[in-house]
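Note that subunit A is present in both complexes that follow, paired respectively with subunit B and with subunit C.
This part shows the complex of A and B:
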């Protein structure tokens, strides 16, 4: 049995070590890029959302590379994500592939996830598997911590700093024990914090919110974080894999649900969560505005239902809080240069606003 | 509150009667008539926006993000139309009417979306959510009555009147996308969200086009609920969007019981559930050998643009019927 699974940001790295430790034979997802996306897009409904096309492309290439088992996350709506596995099952069957589909949807719990892994693992100790799944979560959490620390600095040399972060994530992924993981996490934090900053001044701060996949996957969002940093700004990201996993599956029973907190913050604008990251996007923009972040980038795949709700409502939030926002809609036809140009204009706006605020006497600009 | 007021259900205190608007789009086509009766029973003056036309739609499109779905653009136009004529706009939050299904994310956030284009304090809303204990429509209607200051008897009477009004959004040709009811030499099922197929503007009058050419047009609410023999159609998980589920179920019923000679599957540009389920419905019909036409509608659609395809579709059906000796 050879298992393949979709690629989402750092998830691939964290899963790789878990599958290795569980003795599961895997075909890792192909390197993300146009080939994957085009492969998926030609076999997808025209207006299906971008992550769907991406995942389908990966599954097709994975099956071509010899995989026979697909591991997918399922769901129960209302966003389209919960129906991916059903649609992909139909599409792949129609293409003539035979495969075994493992979907962790019913019920969407940690216990079920462990059982699904047990079904594909040659190891038979449920306890051992549960421990590996727990370690997997802790690894994701550590990688997110490293990334968050990195996001807040503006390094002098972007290239080498990026390499340092990737190496630290690799080291975390390679750990096999909790003790080793905790040590690696501590070292990584120190290493990242010692990266030389570009300047001593207070850099512009840019928030990034939006749909889960588009925010998490740099190859999908045209490396927007790196681009923002290249303009000398630090990044505050609103979506994290570990937060999502914890809110959904409850790895850490005593960690407060970030989603519940977001629902509370977004309540004046959104009375009901319509799925996806909609409440998170709205709540984080409100939070960022209160913290005095300079501007927010909202990323969404073309036709994404929850994020279009968020984008509409954010039109109101943006006026109420006077915070500049750039909305970037991404699909397989989006062009990197166009994204870069818009980003450049946006960053100019933020720099101009910052200067104006610093130059002007305080009372001339009443708080809106 | 004085007893008199309770009887008439008015808000009391000598205030003018509250003018409440209902947008004639989206969920109006599910429960609109019921809501009209309900609000009248609660002592409001009810204004229903006119059927979608170019002016209403373009205003709505100008208020929306460019890539939001077609029906929501129309919705914004209706909200804007009502905003200039009413005290309040009734936009219920229709979450679910069946415990295992939702309406689409935009329905779930509809009052909040309305508040993005009209003054938030004007939006009058209650939540109908069968997934939640106490989330039934009756409870929601009672809450609405209390919100409007009606007494218990008036609320009970209004709910009874609403139940008697039946579901759907009006009757007659205008509510059937302009298609005449009755007989024809062959039957074409026009499948799609009711707010699409029953809206003559959004559907570019496709139903009317068919019926003008002698077809008997069947809309999805005319397919009996128990006609489908295979509930999930071989999918390993049921479709969880209410409207898409119903459309697919109707498609399965047509395929299984031969209720139509051809299926036209209409989907709205930008509609999430449609992007997935229209594909499934069309594939199901194709596999069963039933003529199927998939049309995606957007604001640039016009009957002229799709006429060739409609004609080819009709010709195909006519040819097949001739061959079958009908």
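This part shows the complex of A and C:
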């Protein structure tokens, strides 16, 4: 039996090490790129959202490479993500593949996840499997921490800094014990923090919010984080894999749900959650504006329902809080040059605004 | 004191602007690219040389527009900037207290919001090209009206029609429908101008704080019908700079003047002889990963002037450096 799974940012790395430790044979997802997307897009409805096409492409290529079991993260949100597993099951059957589909949907609990791993793992101790699943989460969390630390610096040499971060993530993925993981996490933080910064000044800060997949996957979003950094700004990302996993599956019962917090912040604008990262996008922009972040980039796949709702509401948020925003809609037809042109103009705008704020006459003793 | 040269290579037209040492506009040219941007850049350089009766001394160069990378490789540019920043700079230079810039070019349209001489917000059309110059061109051709007279036809309308401007395809079929009902050309054109401006304001202009003074630039500003529609719908005076069609190039020249020569006091400008060089384009697929990016390179003789088209940095940067990473 061979398992394949979709690629989502660092999830691939974390899953690879967990499957390895569980003794599960895997066909790793193909390297992301146009081949995957085109394969998925051919067999998808044209207006299906981008992640659907991507995941379908990966599953097809995985099955072609010899996988017979598909593992999917299901949703149960009101958006189309909740139907990915159902739709993809049908689409792949119609293409004539035979496979076994395991989805963590319905109900979305950790117990369910552990049982499903037990079903595909040659190891039979439920406790052992549960521990591995827990370690998996801690690894994702550590990788997110590394990435967050990296996001906040503006390295002098982007390419080498990117390689250093990737190597640290690999080191975290290679750990097998909790103690080793905690040690690796600490070293990684020190290593990233010692990367030489581009300049001593206070860099511009740019928030990135939007749909889960488009924010997490650099190959999909035209490496927007790297591009922002190349303009000398630091990044504050609103969507994290560990937060998402914890909110849905409850790995850490005593950690407050970030989603609930976001709902509360977004309430003046939206009283319910239309699914996806809609409330998260709205809440993070409000938070960023209060924190004094210079500008926000909103990423959404073409036809993504929850983010379209968010985009409309964010039009009002940006006015209320006077925070510049750049909306980037992405699908398989999006042109990289168009993205870069807007990004460059946006970064110019942020630099100008910052300069204006610094040049503004300071009234230490305001006259009434 | 040398001149500052700005070149704006758009999808439809190529413009150049030359500022003298004091920042005054000394020369500007505009011509259609006709799908051959290399030839149009060469021709722009030729025009400058003819105008000055010899090659003027160039202190620094800047390029902008969708063909800015190509133009930069071709002429050797000190600054390469996006067209939004370039247009904003030119508008602020023309009118320091401008607060809104409307720009409609050949294939794109944008709106730039400026406060206290600083860009605070902008938008650019993403998927839809409705209301841009090339669509007006196409319709003018179909109605057999020279594009130069298109706007004045609209001003003579007694009863502008309602045309749907949501999408060029719908606009065209609606236009044909109304035309077959026997409406006059004047009313059709006036209706079209209004529909396109409505589309612009509801599209790129959505959620934007449009405040006077408003500058309208880009090739479409030549169309008095569109200008009138903007004036009517916004209820504001619309200001059109004298060289509205070359504002992108002026912005690029201003950027060059601000940044100065790139390499140790020497401009990267390759000289006016570029217009005589035989420039070739080659493209190949990278093949290093599944993206299989199409890499384009500009060559003059044996020398590679520039490469682009990759999603990763493998091929970008200096051509010599790119050569070093060729094997993957």
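As a working rule, the second predicted complex is superposed on the first by the 361 of 368 C-alpha atoms of A that agree within 3 Å, B and C clash if a C-alpha of one lies under 4 Å from a C-alpha of the other, contacts with A are read in each partner's own complex, and residues count from 1 in each chain.
In this section, a residue touches a chain if its C-beta (ideal position, glycine included) is under 8 Å from a C-beta of that chain, and two chains touch if they have at least 3 such contacts.
Source: prediction; values computed, not measured.
In the superposition on chain A, A:21 makes contact with neither subunit B nor subunit C.
Of the two partner chains placed by superposition, only subunit B is touched by A:306; subunit C is not. In the superposition on chain A, contact of A:353 is made with subunit C only, not with subunit B. Within the superposed three-chain model, A:34 lies in touch with subunit C and out of touch with subunit B [touch as defined at top]. Looking at the shared chain after the overlay, A:337 reaches subunit C, while subunit B stays out of its contact range.
Residue contacts after overlaying the shared chain place A:345 against subunit C, while subunit B stays out of touching range. Number of subunit A residues touched is higher for B, counting subunit B against subunit C.
By the touch criterion defined above, A:112 lies against neither subunit B nor subunit C after alignment on the C-alpha atoms of chain A.
Applying the stated contact rule after C-alpha superposition, one finds that A:159 touches subunit C and leaves subunit B untouched. When the two complexes are overlaid on their common chain A, residue A:324 makes contact with subunit C while staying clear of subunit B. Overlaid on A, the two complexes show subunit B and subunit C touching the same residues of subunit A, namely 315, 329. Residues 30-31, 33-36, 159, 219, 222-223, 315, 318-319, 324, 329, 336-338, 341-342, 344-346, 348-349, 352-353, 355-356 of subunit A are the ones touching subunit C in the complex. Residue ranges on subunit B touching subunit A, taken from their complex, read 64-65, 67-69, 93, 95, 100, 102-106, 108-109, 111-113, 115-116, 125, 127, 235-237, 239-241, 269-276, 278-280, 283, 296. For subunit C in complex with subunit A, the residues that touch the partner chain are 66, 81-85, 115-116, 118-122, 124, 126-127, 206-207, 209, 289-292, 311-313.
Residues of subunit A touching subunit B in their complex: 45-49, 74, 76-80, 82-83, 85-87, 89-90, 94, 103, 105-106, 269-276, 278, 302-306, 308-309, 311-313, 315-316, 327, 329.
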